[in-house]
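Each of the two complexes below includes subunit A, the first together with subunit B, the second together with subunit C.
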Partner chain A sequence: MKQTEEISKFDGGLTLVAYKHLSTGSTISTMEQSKTYIIPLQQHIGVISQPLVKPGDRVLKGQMLAKPGNMISAAIHSPISGVVTDIKEHDVPHISGLPDQCIFIDNDFKDEWIERKPLADNYNQSTSSSLRKIIRDAGIVGLGGAAFPSSVKQTEMNIKTLILNGVECEPYITCDDVLMRERAEEILSGADIIGHIIKARQCIIAIEDNKPEAIKAIQTAIEKDSTGFFKVQVIPTIYPSGGEKQLIKIITGKEVPKSRYPAELGVLCHNVATAYAIYRAIYFAEPLISRITTVTGHGVAQPQNIEVLIGTPMSSCIKHCGGYTDDSDELIMGGPMMGFSLNSDNIPIIKATNCLLVTAKAKNTQKQKHLPCIRCGKCVEVCPVRLLPQQLYWYASSKNIERLIEHHLFDCIECGCCAYVCPSDIPLVQYYRFAKTTIWQQERERKASDIARQRHEFHQHRLEEQKREREERLRKKREMLKNKSNEKTSDDKTSKQAAIAEAVARAQAKKAEHNKKKETENKTD
Partner chain B sequence: MFTVIITLAIIASVFGLVLAYSAIRFKVEGDPVVDKIDALLPQTQCGQCTYAGCRPYAEAIAKGEADINQCPPGGEATIIALADLLDVEVKPLNAEHGEVKTLPTVVRIDEQTCIGCTLCIQACPVDAILGAAKQMHTVIEAECTGCNLCIPPCPVDCIHIVEVKPTVRNWTAELPDVEFVAPVAS
Partner chain C sequence: MLFKRTPSPHIKQYITVQDMMFKVLYALIPGALASIYFFGWGVLFNLCIAISVCLLTEVSILKIRQRDAISAIQDGSALITACLLALALPSLAPWWITTIASIFAIAVAKHLYGGLGFNPFNPAMVGYIVVMISFPLEMTLWTAPMGVNDGWPDFSTTFNWVFLGLLPYGESIDSISMATPIDLIKTQLNQLHDITETRNNIKYSALFSTISGTGWQWINILYLAGGIWLVKKGVADWRIPTAFLITLVLISNLFSVIDYSNNSSALFHTFSGGTMLCAFFIATDPVSASTTPRGRWIYGACIGALVYIIRNWGGYPDGIAFAVVLMNIAVPLIDYYTQPKVYGDLDR
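Our next item is the complex of A and B:
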């Protein structure tokens, strides 16, 4: 195993002003409860969850409200006890600004939990698959921002190293920092559980060097642990070191190939907050119903970290933090590099909400067109995935899909380094998002048109079959009639009489039966 | 000199025979370019191109009887793809054949008004309408291509066009706005 001091680095990246101090001046504060909770059915990568409750149902705290849609999906639980009032579309935090299906719950403020039977220390005797099931049933997804269903990643095949991602490389965001400072031992407990599931030999906790307090807290917790499972690895503060593939390169020196998974290199990454959530699930039988969110920026009066229930309206969170300042401008979910602007604050906190950033209006601004690309190449220098952002920009503008795929458009992690350094201020990531979503749409349309073609071909086949069968029938009938007319002799008359006699007999039998029925009916009346 | 001519003549005959044999042994049935063109068409089967479906239109393009810009459901993307395939110039959609829809559409039957006549079922080129004589007719929206061929035959006008709005799972980002707010150097 590598010495802790031998680390590698990835190409590109940026050193950014961090503004972390804005929100680390106080400890994690607890959000007071709200009257209404809005819980979107899609808060994770994958398929939308399927509701198990309906309006009018009373639900308990921690009760499963929706089950996973399929393998790549997550369960959703109630953060409070109360009554489901509605399931309908509502604005959700999504870059498109479109609404989605949400469950609305009225809080009864009784905080009544479901029955909980935690495994606690006994988890050591459980199998990997039964622990994975607990994590899946707890609805735990990656809390670093990607929200991938965690148990799906936790394979026990061939994993030697668990990397806990305490890097938090994006400016302004400090939720993982304060979690490490205040709850280091619980994070290590969670990592122990993950290590048991995946049978890892070692856990490396990666932390950037701008977080000395967090490093100290984790090291203190490790000293209390006698297993030697844990090691802290301090890494230089470079954005985006917290990206999964970038972090693996730093820690192991190896690159995860395009379209492959870290597990193939014997590595698994989890965010420190995810490890904490897993600890809560195993030791307290608590599903994922809350998270730490950083509320920060120059547009909010008292930037801080809050422990907030999923489904809490963001407006309440801002209010808890002193409200908006007079010069507040945009509300962004996420950080300044990868976050996206929100249209309103009447939107719920979801599992992926690591930060609410309220910007303040910059002085002396002027609207202007972005300048043309001057082919300076600065974007290429900073790309952490070693792509050619300049080429991707040209091909995205001209919708040249073949070239976009050749230049590995889908390996772009949308970190924003290229847009940050562009001297013409071209919003490069927006071009890539346009290109990616357009290509996905075209693939969907191609699949749909393939099905439509099949249905049309079958439709034509069916009509031909019907025509053929009809002609078959008519041909047979014509033949039968022809044969009949050939046999025309005296048999004709007798056969006709026989047919008439048969018909009369049939009619009389029917009449008799009908009379009999009427008699029995009259008798029973 | 004579030997050179004989040698060349023999070589030419040998290759001629090889080609003749290959032309018969490796003959491809039908015109493969028709399949390639059909693969690029949207399969709406609406007839706006003036042909009785996407396959007849593909055959017409292959024969050179139809132009590549007659398909409104395919839009710009299809014209570009066809131009790429056939190595011809891209041209704008021929407005005589219809307009590009801003949002995809499907149709919906108003069940209060439907009389169960099955005329729409017979008209649907992809069998996307469920029903039988004197039974309720329903459009299977997942299979509806938006061709609207069922609307004219309906004797009670109970079929309506419905736009399919994008969701968070299938939205498309727009090309960025070229204007942005920049801080002015003070």
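Our next item is the complex of A and C:
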């Protein structure tokens, strides 16, 4: 495990007891298939996927069930062949604990695949965009836990270095560790494909020094490759080294500028499991329908890593691993630091499920209520983002939004280091999440009221416009009428005069006639 | 199967506030024992009075505030306030001085502001300042340290004075008390006797030993030792004492180089009075100190400068309490302007 290059350190962080050995005793075991699969439509970061099937449809293994909702979204595929029975709300693994839309599929146990046309080694001749489309159509998302659509990240803007994240810094989780041990060459093939897409010049595989077997396996695989594209970088075991921004700091010594992307530093990060999924998609035309999940903790009988189909109920996974122990306590998806607890095991495995952790009841049950903050500053020492958690806590409890934003609440990565060391037992991360949600909520309401106000103003404007137009029309009409009548009056005048003149003339004529008559009468008399 | 839900993280380091507070108390022990050794029964009486009055006040106020008094008192914070106060007060302080200071520290400085975690000022120092301003004469009543003249008075003399205000027949308080080295140098300078003269005066020379003052130097060395242990254990912050001591040494050295006959040496300042007690136990009180890394440097350094200013040019014998409370006032400002640059901030 030689370190070929100097590496940097990020601020803060923790050394944690890893408990990795619990689940690394055996090789990856494949789960037997279940009767029913529950496929949530939202398994990724971004917009919910749009279903392409309806209840009663027969679907094949690998068939697309839902297409991406928009640019940042992911396709979802059937893990088995069978019949769609329903599309309805069901409990999903989400931190909110709220149910979401899921597609229910009954397994016919025929395992009938859709037609597949793998590119295999020919991918070299394909363009980046066509490869990205394959990855997008395969529904591949970041498998480290965040589940960000992978193809979206793979830009071609001058990326020099591909960093493969095999750090796996959270305690208990070993799915990447065993994947690297058992499928190192496949991971490197996947990295080659990504490297081809983004035109990277080198690929650094970062692994924490507590995984000697994985490091050895990757190194052995690299030795077979003659291009010199790959390099292993062993990094010290400090939580949260596996965080994208922290890892980039370790490897490059530079920090990703605030609210920018890693591409700006010429790097792109992918999880090793994502690289493996991309390898499967290109070489076997297999969409993302399974993943490796660590089932572990002191509350489960036989901790191990399982290769499991997306949509499998968690209860089946636990059963496969020997069931719960008598003192099992909580069921957590993800690691003990950033994972969230679930209220039931009747919840499906999703693309982001890297770990199912079942804790055992603690022997010394601590008091429930936390003490006041004594401003000891231990949280400041461990924060990897250099925040002031104690000040954020203060402002979060007094709902001082202005100060929260000034103290960079939204840079918090919720790694949990602050709450881990807090001597007063304050659930700090919970306070920050609540504050973030409140601010988002207010922002949404503000936007909604802005829109409402704009609409109202536009409506008002339109009414005024209409009124103005009407008045204009009326005015014009009146004017026209007025002109008309004016003309009429002038006509009248002349006609009157004419009439008068006529009448006068008539009268004169009459008079003259009368006089004439009189004259003739007088003459005759 | 159904489960309960709790927020992440789901693992925790088992350090409690109580652990931290009791480590502070353990770290005080060597210095406190030296105090008792050099200044006698009075220190013990101070401790007894301060601890009982502080705990009693804490319990009564928590009862009035309808809080769980028993679990709150176990956090050890009132005990620390009591001990710091008792060790700072002069060894011959009458009982009512200690009592007033203790009640004020807990009732006003701590609980009127909301109790543990909410007090902007160091409670022990507020209590100390109240009696210092109100009863300046009683606040100078130190015994001669062990090894100087007859040393400290016996149990019954001390008891009679502290609790009953009685002195041995025909004697005045001056016969059992003696000025501290810092105080003595100051009053002698006011009477135009320079430092060398004072130190060589046959009446006082026993009071000054190699480093600073008989007794005081050992008390300070032991507080330093306890403080270093506390920093190593991660309970006390290292920046505040470092900044405080460096500033004090630099400033006092500068002035003593300029004029050594009118300004005490850096060594004298570092190991006399309450310097080490302040550096590691008072200035590092997390609740009232700055909490940002840069802020702690500023906070410690300013206390160091203020201590020197008050000692040298102020009207009080020692400047610790005033320096600390003055800087407590500045903490919100310091914290606000010393926010660290977060990850990826371009200005860094």
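Assume the second predicted complex is superposed on the first by the 449 of 525 C-alpha atoms of A that agree within 3 Å, B and C clash if a C-alpha of one lies under 4 Å from a C-alpha of the other, contacts with A are read in each partner's own complex, and residues count from 1 in each chain.
Just so we're on the same page, a residue touches a chain if its C-beta (ideal position, glycine included) is under 8 Å from a C-beta of that chain, and two chains touch if they have at least 3 such contacts.
Predicted, not measured: the structure shown is a model, and the values here were computed from it.
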item: Partner chain in contact with A:His94 - subunit B first, subunit C second, else both or neither; value: first
item: Partner chain(s) touched by A:His459 [first = subunit B, second = subunit C, both, neither]; value: first
item: Partner chain(s) touched by A:Gln442 [first = subunit B, second = subunit C, both, neither]; value: first
item: Which of subunit B and subunit C A:Pro427 touches, first, second, both or neither; value: both
item: First, second, both or neither for A:Leu387, with subunit B first and subunit C second; value: second
item: If touched residues of subunit A are counted for subunit B and for subunit C, the larger one; value: C
item: Shared subunit A contacts, counted only where both subunit B and subunit C touch the same residue; value: 364, 366-367, 425, 427, 430, 433
item: Subunit A-touching residues of subunit B, taken from the complex the two chains share; value: 38, 41-45, 53-54, 77, 80, 124-128, 143, 145, 166-176, 178-184, 186
item: Partner subunit A, residues of subunit C touching it in the complex; value: 1-17, 19-20, 71, 75, 115-118, 234, 237, 286-287, 289, 291-293, 296, 335, 339-346, 348
item: Residues of subunit A defined as touching subunit B within the complex; value: 42, 48, 92, 94-96, 98, 100, 362-370, 397, 399, 425, 427, 430-431, 433-434, 436-438, 440-442, 444-445, 448-453, 455-456, 458-459, 462
item: Subunit C contact footprint on subunit A (complex, rising order); value: 10-11, 16, 97, 171, 245, 249, 255-260, 315, 324, 329-332, 336-345, 357, 359, 364, 366-367, 371-378, 380, 384-388, 390-391, 407-408, 411, 414, 416, 419-421, 423-425, 427, 429-430, 433
